[in-house]
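In the two complexes that follow, chain A is the common piece, with chain B as its partner first and chain C second.
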Partner chain A sequence: MQSFNKKTGRYIGRYKNYDVYSNEIVRISEENKEDINKKLPGEITFNYGPSAGGLEESVNFNIITPGERINSVRVDSSFKRRNIKILNDSVDSALLKVERINGYHSASNSICFLLAVENALNIENGESNNKRIIEIELERIRSNLHVIKCLAESAGFSIPEKQLSYLIEDVSRIISTVFKHRYFFGANYINDVNGNFNNLNESILKIKNEFMVIYQDLLTSKIFMDRLQENGTVRDMNSTGPAARASGYNYDARLDSSSLYYESYKIFTGSSGDVFSRFMVRSDEVFSSIELIENTEIKENESKNKYDLNKSGTGYARIESPQGDLFYHVDIKDGRINDILMVSPSYLNIKLFEKAMPGNIFTDFFFVWESFGIWISEKEVNFI
Partner chain B sequence: MSQWFLKGIKKGIKTEKNFDDKFKPDYPSRLEGKSGYNCPVNAIKNGEWDENKCIYCGKCDLKPTKDEKIYKINDKLPKMFKKSLYIYPLDSGTCGACNAEFNSIFYPQYDANRFNIFLSNTPRHADALLLMGVYTEKMHDVMIDALDAMPDPKIIIGFGSCALSGGILGSSINEKFNVEIAGCPPDPYTIISAILKYKGGVK
Partner chain C sequence: MNIIYYLPLILIFVSVIISIKYRNWGYILSAVSSIIFIAFTYRTFDYITYFYLIAGIVWTITSIYSLSYGKNYGKWLAPLFILTIAGMMTILYANNFLVFIAGWEIMSIPAYLTVAINKKNDIEAYVFMFFSEISTVLIMVSAVLSYYYTGTFGFNKINNDYVLLIFTLGAMSKMGLTPFMISEWLPIAHGSAPANSSAIFSATMTLMGVYGITKLALLSPVSEVIGILFIAIGIISVMFGSLYAYISENMKSLGGFSTIENNGTLLSALGLYIAINDGIFRAFVLISILIFAMSHSIAKTGLFLTIGNTGTEYFSGISDNKGLLARMGKFFILSSLSGLFPGIGGLGTWMILESFFMGAFIQGAIGISSIIGGSLLAMGEGFATAAMFKVYYFTDNHSKKNNKNNLETYTIFSTGVMLVFLFSISFLLIGKEYISGIPNVLIFNGFMIESRFGPADFGLLSPIYVVLITLFFTLLAYLVFGKPKTRTVKRWNTGIENNETYNSFTYSSNIRLMLKKILKTNSGKSDLETVDIFWYFMIRIASSYRKLTKYISYKIMNSSISTYMIYMIIAFISIIVIVSLY
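Take a look at the complex of A and B:
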């Protein structure tokens, strides 16, 4: 994987002046200027954010509307842009920062970064493969439950919202019991994961049973379904994660990337590309992640190698984080980070949200936003 | 909607009367002991540990105690807020985990509302501004606007190592806080314990 001028594989996203495809990185001359939507007579611009009740993170929405119907939305995610000083750091020190790029998807970020480092320095990492899968699938369960909870909240369904919140907290407690930290900070190392996996299957079974009841109850609610169906519809080949799968694209790095090996995994796809379809894909993935955890055998690492990281090399990794493709490319010189590039799924998911919104009305706004599971923290990172 | 009500009732009371201590995380919690480790954020200086600087990375020899009381109360809460405290969270530059942990105090296990701790949807109706994340240029102005919009008296809560000291990612957005809640991120036990202490409640 290097920067050439051809575009091969599917589009993953952009970091600064690089476009990343699944098989190539392409240098672009400059960040394309966004086309600013011009207002038509009778339209007004409505600003929402960057800090307002109902928004979990700081982000600003520029909404163009003649009244009820939304004609266009532009997302300005730059408010909380963080300059993260990482160049010239050792791998250990860089890892502490990578863990904190998106705390809600910290396991995915840490593991993807470490896989890229291992790739760069030719470090054999098969032994930790299964533990890493379990970690990422636990993170995916919580992330998908969080999105579904936000959908219930947007629909004003406070009882399932609270039931889902309860489950999310239960998953956080499971993570904390296994990894000593509710967000996996400190759990990941070069070719190793620090966790006590005893009793994990038992606790995860409880989550499966409880979620099944909530899921079936939601599916029998005509009002809930009605709020979700034919809302925020989008179908675009440049998409990623559950949003791509909800509109029929079978994109999934668990199957089409060699960075982390999944023995078997069945992709769930929808077809309508609306909020309901994204809800269905995410719900299916809660169950499939639980199944993956149950069926993944944990082997303790036999080699307790101390790895010599004081080397040089270039490497990359791409994994399926809870909301889609996550990509890291690192260049290491004498054990220090010489260059780093990261593309998170929120880049494409924000673009999809902007495409999905026109034609919807204000009351649909939060459904559509929440259904993409966007994290601004991972979108607005400037490595220095 | 009535079917949901009945389903909710059937589940019984899920809120924990006494928080279930067995789920308290190791990190963050009060650390104790001695360590000569070269801490990445200088949280160990001359043998003294600084809970606000610590990012609870677990790399040193200091031992986690599961004691959640890692907060500082710097003044007395104005009397008028003793009955109810409305908090407006403001994300300056977080990784998202601080946001998630603050929200979790309203989850059924903890139900912060029962302690008269509420979320405010606007700084205009807030008693306290809860600041989280590192300093970022554009959010600094937003913070000033939010503080201006709040009625007096107002309280500022510093939340998490990024807000309190800059953590490992940057610098702090503010210098003075009425309450300092440490952690990376602070967990629900610490958050509720800190706010209740400030309100003069027990926990």
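Take a look at the complex of A and C:
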């Protein structure tokens, strides 16, 4: 890591002038200009967003269409760009800001940031490893349920949508019970997780059973399947998370990153690379995350360690957030953040969406968009 | 026969000569002779003469329009245009096959020259000539057959349907009906024929085919088989014609395909006429054909004049917004072509559909064909409405202010008004046996059209009441609410500057995608190109034929003496065998 020269390993994404690979960070001369597709006769530009019904976050879609079919789409996420003042902050202060980058993926961001800091300050991720895994897997369950809920909503399936919303609320309440906050705020610290894991397994089993019923019902709906199958197909080696696994790539930071140690994890992959395949991978991962939580042993810290954070160093961490590889690189100088680099999986997922959409028609748009579980808030972070 | 009766024919040929030197006088004389032609030949309730009325109206309109429009073209246009009309007038005057064929050629050759002189490529002119000559050859064959059966070249009663069948095949080639669609749309669309010529190619040249088929159908016996065959060909033409019209970006091509659709409707109605034996029903179908032909020809003329008035060929090239008069004329023309009231097209479509749905009451194959045919015709009309709406909206650039009116605009407006006028007085054109009233509900006797195949009526329509009620409520709304207040505001697109608008191509892409297997839509990422499958298969057949001949020339006729020897021996043995058998 940190060679800034060669491209080795798989591509994780980009932050400002840096391309991040699983084994290297490569500085690029300047951010590549987005290539604008030339319009053919008869085609028009249809603009959707940045603030419009059906969109959870501010994002603009520049769609080129000859009518009905979408021939090209460019995602402009810059409307959500946020300058987050973090440089020269202490680790404690920076952590408060990082865990609020995206509430839905707060655990992933906080843990990945802390792992990078620990890596920089030579602090071993020991007793908290399993607790952190539980946090991330709980977050993954909620995030995947959210994506599936959005797919049901796109299909106009109000009943499963409401059932899934209810289930998401249940998961949030479990998180709130265990970590004292439904978005994990204040739960994480250097090599420490503040949580009460008693009765977690019983609660999570209930989620498993309830989701199984909804999942089976959705699979028996031919209408739902028709909307998902052969829709938004994409296969690209530069992909990440469930989208990559749905296309047959066994990319998973739980397997190929040492930042967090997973004792045993069985990867799920699809082959078709369409919305249905992404739906299947996410659903399977809901069950596998529940299994991981059930099988992860929790050892309570006997004593709270005190770490000296007023040191200097450079470190990185990469974890499998619900939507794919999340990467943090920090440079700490005398306990203060000197430089920070973050790559969200939404960067690659947006690229994949842009590749998946051409050839599909307008009514497929929301299925394809929702299937990637993109969070613009994560992608458009500018640390200053 | 009185020589005065032929005065219009003499005048039209004279106007051809005059137009060589004096273009405008040629057009004026052409219009005058067309009006006299109507006056001399049209007789109410003598249904075959309705063709004279239709043709005369179209020639008059196009001749007047050409006074202004023809300025944009060379000296050659006026004589060729008028000579085409002269050919058609000869056809309508013909009382035997020989004069008919002469008229057919007088009509076709100047039309071919119009396409050829104004050509972009050679192919359009050749296609036009090729299919014209196919039609001539087949009509000649039917003439010879008629002579064989009747002993004269006159139009006499015939005991079988062969003459009608062969003649119809010939007429189909001219009318652009399946599988000869290319003969209609290609020369018009890509041959860059001027709009006035396109109008007479599409509106009256194809009408000559309908006229010929009708004339022979009146002389031929009832034939269920041929009737159903015509219904089938007609319906296929309607479906494909309307689909291709809907997706056409070239406005003239759209007009050409619309003609194919209309001719398909006419052929299927003629099929119904040929297949049924009921006197009352037959007469109603015949009137339906004539009313529909009238609406198609006049409205189609209006459509081409509207297209000509845009000054461009493609929707994408539209730069002007025409005045209110042009828009009103266009509205009536296009609603008539959509089979909607208050144009006479609404009546024509209603009558044709009534005919088919009444046909469903006949037992057996014809009943089934009728109900299927009627349903598909109605579907085709739906597509036609969508195609016409496309013309209505996308032939104006809505961001521009209105242009001033000129002679072309007035002609378009007059054509639209004429369609409404003909609709209003249509009860005067239809035989008394189909006219009645319901005085109890204030529809007085003589103002209502009844569709029926027996003593009881099947459907009712009072055109004059439709027009009067529409007019009354329109005026009432105007008096109560005044002039509609509209305002144009700049679009706000959540802060994104994007001034593009929905266009004609995007409008019809839904069908390009939904019917991509039929339309052979290019589903790649480049664009949504479609293919006329009849043209596609014709090209495939031609290409296969060329491959076959090449194969024969290389493998068999390859100048090899041994191959020739084998060929001669086989031929010699074959002849001996054949001769010995007899």
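One rule holds for everything that comes next: the second predicted complex is superposed on the first by the 382 of 384 C-alpha atoms of A that agree within 3 Å, B and C clash if a C-alpha of one lies under 4 Å from a C-alpha of the other, contacts with A are read in each partner's own complex, and residues count from 1 in each chain.
The rule is short, and it goes like this: a residue touches a chain if its C-beta (ideal position, glycine included) is under 8 Å from a C-beta of that chain, and two chains touch if they have at least 3 such contacts.
Model, not experiment: these values are computed from the prediction.
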First (chain B), second (chain C), both or neither touched by A:377: first
Partner chain(s) touched by A:216 [first = chain B, second = chain C, both, neither]: neither
Chain A residues touched - chain C or chain B, whichever exceeds: B
First, second, both or neither for A:101, with chain B first and chain C second: first
Touched partner set for A:50, first chain B, second chain C, both or neither: both
First (chain B), second (chain C), both or neither touched by A:163: first
A:173 touches, of chain B and chain C: first, second, both or neither? first
Which of chain B and chain C A:80 touches, first, second, both or neither: first
Chain B versus chain C as contact partner of A:183, first or second or both or neither: first
Contacts of A:312 with chain B and chain C, given as first, second, both or neither: neither
Footprint overlap on chain A, where chain B in one structure and chain C in the other make contact: 50-52
Chain C to chain A touching residues, read off their complex: 249, 316, 493-496, 498, 500-503, 505-510, 512-513, 523, 525-528
Residue ranges of chain A in contact with chain C within the complex: 40-47, 49-52, 60, 65-69, 71, 358-359, 361
Touching residues (chain side chain A, partner chain B) in the complex: 50-54, 56-58, 78-84, 93, 96-97, 100-104, 106, 146, 157, 159-160, 162-163, 165-166, 168-169, 172-173, 176-177, 180-183, 185-186, 217, 221, 375-378
In the complex, chain B residues that touch chain A: 4-5, 7-8, 11, 14, 23, 25-27, 40, 55-59, 64, 88, 90-101, 103-104, 106-110, 119-122, 133-134, 136, 138-139, 142, 146, 167-170, 184-185, 187-188
